[in-house]
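Order of writing sets the chain letters: A, B, C, D and E. Residues in each chain are counted from 1.
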Amino acid sequence: MDKSVKIEVKHLNFYYGNFKALEDITLDFYANEVLSLIGPSGCGKSTFLRCLNRMNDLISISRVEGNILLDGLDIYDPSVDVVMLRSRIGMVFQKPNPFPKTIFENVAYGLRVNGIKDKGLIENRVEESLKLAAIWNEVKDRMHESALGLSGGQQQRLCIARALAVEPEILLMDEPCSALDPIATQKIEELIHQLKKSFTIIIVTHNMQQAARVSDITAFFYMGKLIEVGKTNTIFTRPNLKQTEDYITGRFG
Amino acid sequence: MSVSVPSLQRRRNFLQKIVFNVFCLAALINGLALFIIVYFMIANGWKAINWTFLTQPPVDSMTKGGILPCIVGTLCLSIGAILIAMPIGVASAIYLNEYARPGRLIRVIKLGINNLAGVPSIVFGLFGLAVFVVWLKMGVSIIAGSLTLGAMTLPVMIGSTEEALRAVPDTYREASLGLGATKWQTIYRVVLPTALPGILTGTILGISRAAGETAPIMFTAAVFFTPSLPVSIFDEVMALPYHIYVLATAGTEIEATRHLQYGTALVLIFLVLGMNLIAIIYRSRLRKRMQ
Amino acid sequence: MSNKRRITERTMHTLFFVVASASIVMLFMIMIFLFMEGIPIFDEVSVKDFIFGKYWYPTSEPPDFGILSLIVASLAVTLLSALISIPLGILTAIYIAEIASKKVSEIIKPMVELLAALPSVVIGFFGMVLVAPFLQNVFDIPTGLNLFNASLMLAFMSVPTICSLSEDAIHSVPNSLREASLALGATHLETILKVVLPASLSGISTAVILGMSRAIGETMVVLMVAGGAAFIPESIFDPVRPMPASIASEMAEAPFRSAHYHALFATGIVLFIFTFLFNIVADHIAYKYKQVGEATL
Amino acid sequence: LFFITTNSAQAGNLVIKGSTTVLPIAQKVVEAYMKENPDVKISLSGGGSSNGIKALVDGNTDIATTSRFIKDKEVKLAVGKNVFPVPFAIAYDSIIPVVHPSNNINNLTLDQLKAIYKGEIKNWKEVGGPDLQIVINSRDTSSGTFETWEKKVMKKERITPRAQVMASNGAIVQAVSNNKYAIGYIGIGYLSPGVKALRVNGIEGTEETTLNGSFPISRPLFMFTNGWPKGDTLNFINYVINPQKGQNHVADSGYVRLY
Amino acid sequence: MDKSVKIEVKHLNFYYGNFKALEDITLDFYANEVLSLIGPSGCGKSTFLRCLNRMNDLISISRVEGNILLDGLDIYDPSVDVVMLRSRIGMVFQKPNPFPKTIFENVAYGLRVNGIKDKGLIENRVEESLKLAAIWNEVKDRMHESALGLSGGQQQRLCIARALAVEPEILLMDEPCSALDPIATQKIEELIHQLKKSFTIIIVTHNMQQAARVSDITAFFYMGKLIEVGKTNTIFTRPNLKQTEDYITGRFG
């Protein structure tokens, strides 16, 4: 595995109006690694994640300072096409949010909006993505039924398939398992192990055990600051800072 | 120490029972009101309703015959109104809700629109008279009436569409944008289909409101008597609500036409309540299906 | 390809902007026209004489354009109808939102909505042919077409507004507050009166104001059942002539751009200002107290 | 698109607007006329005499019906817009005071009527009737009926604001027939068994007293056209004043024929 | 400390419509002890808690089988007055839910609805309860300001004070700290230690460390069943069952 830097975050500050939600974050992400963000509620994990694909642009009162470089290019540069950027960075949300369309259309959606019209190509890609997301067997006979009829865990894997279909380079996951039962959670964790072969994955989680299980690198956020980042093993066994240790051992949060 | 004694407890429960009965009574009165009105209209009007009544123009100083021109006129006016209000209303709501950056200006505009939704219908009538009938020289006509009714339903249409758009979870928008869709693609492919039930119910309610209004068409579209059916949008028409009004107050044979008045009112009620009922049923169906 | 998408995106954005602006302009034009056609009356009478003048003789020689009695009539019917519709509307809302079982409220709610859908001309007709003779006989009064009858019919029209908006407000009170109260040993009634209603007060006030605004602007009902006498009423059984009735019955007959015509538009302005104020107040309350009830963390 | 002017005088299309008093006549005639000329489409609306004239001046109607003669102001306004109203008397009408059938009053003088409508006489017993309050019914201020009443009875003095205002003759009939307190005034064509007609100054309002001028509150009814009528308008006017056709309908509707 | 049984739950089944949310639960609660309920999301912890003060009565489709005895009396007996019952069993919720009233009125509320009119008595009790809930010092100068102006932790302690004011015998707490920051959490945990001297406390928590810190007894629920119950020390160090161990060590959930 080559340790090439995929994203560089440099001195990132983020504001909701006057409230500084992120303070001076500097952090690198490497290709084909899973990085997990942990920290107590409200510490800015989601905010940080949403900076990476500029989803925060939608919030009118928000403001960004500092740089985020994707393959060396600043994603906040005015010349950057946000729409293109977002199709390079996939996102999976806390609660599964399939569109109220058929299973097939859900996965095909990203392809269609990206202008792909070739039917055969779309069908292939949909199948591929569903297989990659380990849900193909469960849905292959009901492709044209509504996606809302799936169980929570299936919906979440469908959302992952949907994100994979547009062939992103990076996958952002914001607490993807928090609405799921243990079995569904386990499936998704296995999936993450699979996917990391081809993608760079960043996952937010509340569940320390999950972070320990799935990630190579763990970053601990607290009150808008990046407190500590390092190899997951190290962080969970020999954290440098007292705060990190307190959090991990459940002293608070 | 125990905080309550049994007798107090009994009193509290008793009071609750009485007050709840009062609440229930109020609800019953509402139901009763609807029932009484509809009952009297049906009891007095159903005899007037027959095939002739629905398919013939009025004859013999409107004491006999039917109300076909009124039905046609009302349909023309309300459909015309919604053809004007729906596209404009939906487009405006999309702009306000999806494109415009929220801020002071948008808030003021929304407040303005809200206000216009509360403007008396007679004021819209005045507006239609001054602008469409006189200034734009449309005369008293279907088009002037439809525009007036359209202007009146526009704020309602914008309001209900906005509500429907707001009800679309943001996560859908985020998911779509996250897949690299543009804003328009997101709106067109995800937001609108999801909001469609809400928009359609709003539309049906808009039509039914336009169909039942009298004041705005008094000066802009409706006439006392024109037995032939309209052939162009510049024709004057008869309309159900106005017909009830003139027969009941300005007609030439008020007592002799009483059963026709009831009959006309009944037809109007069926038309309007029918549309509302469709909207209500449709809405609850779609809500269920959406879940 | 990406270029094409960008152009579509731009085009749609512009298109929506244009349509939205157009509809907003059109809606504001309503106000402008109203004022353009109404203001000229003040060349003939002063604003003060117009609003506080007691006599409305628009066609006499010389004419009198005083709409005080029309304003008083409008306010009187609105207030009296509010006395009926506010308790009825709110009580029903509480019943639907808090007390009735789901099945019952699923029947009553559409009924209230249907009441709202009854065309005003039908309600006016009902008031004229059935309620008026009834009142006349029961109370042995000179005429059944009077303030009371009009208020009763207007109440029919504002109850649905008040009821369904209040119901929304009550419904949006977080369940956690109800549970907190019940868990402290309060009865259901106490919970409603002491917790739910105070927490939904702003929504209910908005509902009430909007209901009253609907009543003051309603035309056909007052045109058909209020009696039409342009004087300041002394009893609830006096006939009155509210502003919308005056506009509706005289506009068709007022010579175009005559003083009478302008006076009627000016009456429309007054009416507009009243509903405008009602709406502003409602919006203000709704906006200011929006957060009440939800514990903010 | 919206600026296409509607020329209401297009072939086979006739618009008639104006006095509610004339409505019963107009409607009967219109129906009969349309039966004879099925290709002609006529629309008829009430609204009042002033409304009719206004519509004529604005070019929104072909024929304005009125229950009074045109006013100087209106003529000026019309001429200013190049409209030249031409009057056709089509019938006579008397305005008859009416009361509830249970009322024992049979006759009122013009002065008594005036005093009642000014609000000076408030109880029927002051004019020899039962001890009941008087409920006054009047017409909308700009109707021809009202103007005639104002001129011939009120002599330019004002009707009390307490008077209930009704939108039509029919509404007055209805109000008076249901109300033992009431007095009202209506066109002769609206007399019905539900109300009791009063004599004025001892004279009963009939076709004869109207034609010979002895009934004090009467007036001719008019149709106005813009310039000398042509085409369908002319045909229609001719039809109305034809003694064998339109005038029969005048009589049918209870009004007084021209001859 | 006397080990008297306060509540006995016997073969409790609970249904939401056709869904069996609780299955054959048998469990005793002792006076002056803290019992914590743990288990993965959706396992029925809240449902169980709400059976104890009959809060579930509000849900029309619900159905209860089995018995719950409070001091030997069946609380589901038709002759029991629910309103009285609830004033004997206080409850604190997951999210602080003060009424939109003043701080004073919030605490006085329970007294007022229970028919206490004496002003002096009310004032005394309010002060006492606020002191007991360890929030008196923070609010004593702003008693007549809105309770919504307090911070989350303060609001939660206010809610506890509100529950204490009616002098319940039992305190039910449903994840009382899950919406709070670490410092507020710590204060509440200290408070629980204090309160257990005078009350029987039952607390639901997601946070294993919290359960370990505050409770004497721990009960582990899973999918509507009571899997294991015992001394907190034992459960966390030597659980009897594999399932319990898996859950506690974060193998799932």
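What we mean here is this: a contact is a pair of C-beta atoms (placed from the backbone, for glycine too) under 8 Å apart; a residue touches a chain by one contact, two chains touch by 3 or more.
Please read these numbers as outputs of a predicted model, since none were measured by experiment.
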item	value
Starting at chain B, fewest touch steps before arriving at chain E	1
Shortest path length from chain D to chain E (each step joins two touching chains)	2
Chain whose Cα centroid lies at the greatest distance from that of chain A	D
Separation of chain C from chain E, taking each centre as the mean of its C-alpha atoms, in whole Å	48
Chain centre separation in whole Å, for chain C relative to chain A (CA means)	51
Whole-Å gap between the CA centroids of chain A and chain D	81
Intercentroid distance (Cα basis), chain D paired with chain C, Å	36
Residue numbers of chain C (touch at least two other chains)	5, 185, 187, 190, 223, 252, 256
Per-residue overlap in chain A, given as positions that touch at least 2 other chains	83-84
Junction residues of chain B - those touching two or more other chains	3-4, 12-13, 134, 182, 185, 249
Of all residues in chain D, those that touch chain B in their complex	2-6, 8, 15, 17, 20, 23-24, 27-28, 30-31, 34, 41-47, 58, 60, 166-171, 173-174, 177, 190, 192, 194, 253
Chain E-facing residues of chain C, complex	101-102, 174, 176-187, 190, 194-195, 198-199, 291-293, 295-297
Chain E residues touching chain B - in the complex, by the definition given at the top	81, 83-84, 87, 111, 114-116, 166-167
Chain D residues within the chain C interface of the complex	47-51, 53-54, 57-58, 73-74, 77, 133, 135, 140-143, 146-147, 150, 156, 158, 160-167, 175, 178-179, 181-182
Chain D-touching residues of chain C, taken from the complex the two chains share	55-61, 69, 133, 136, 142-143, 145, 223, 227-231, 238-239, 241, 249-250, 252-256, 260
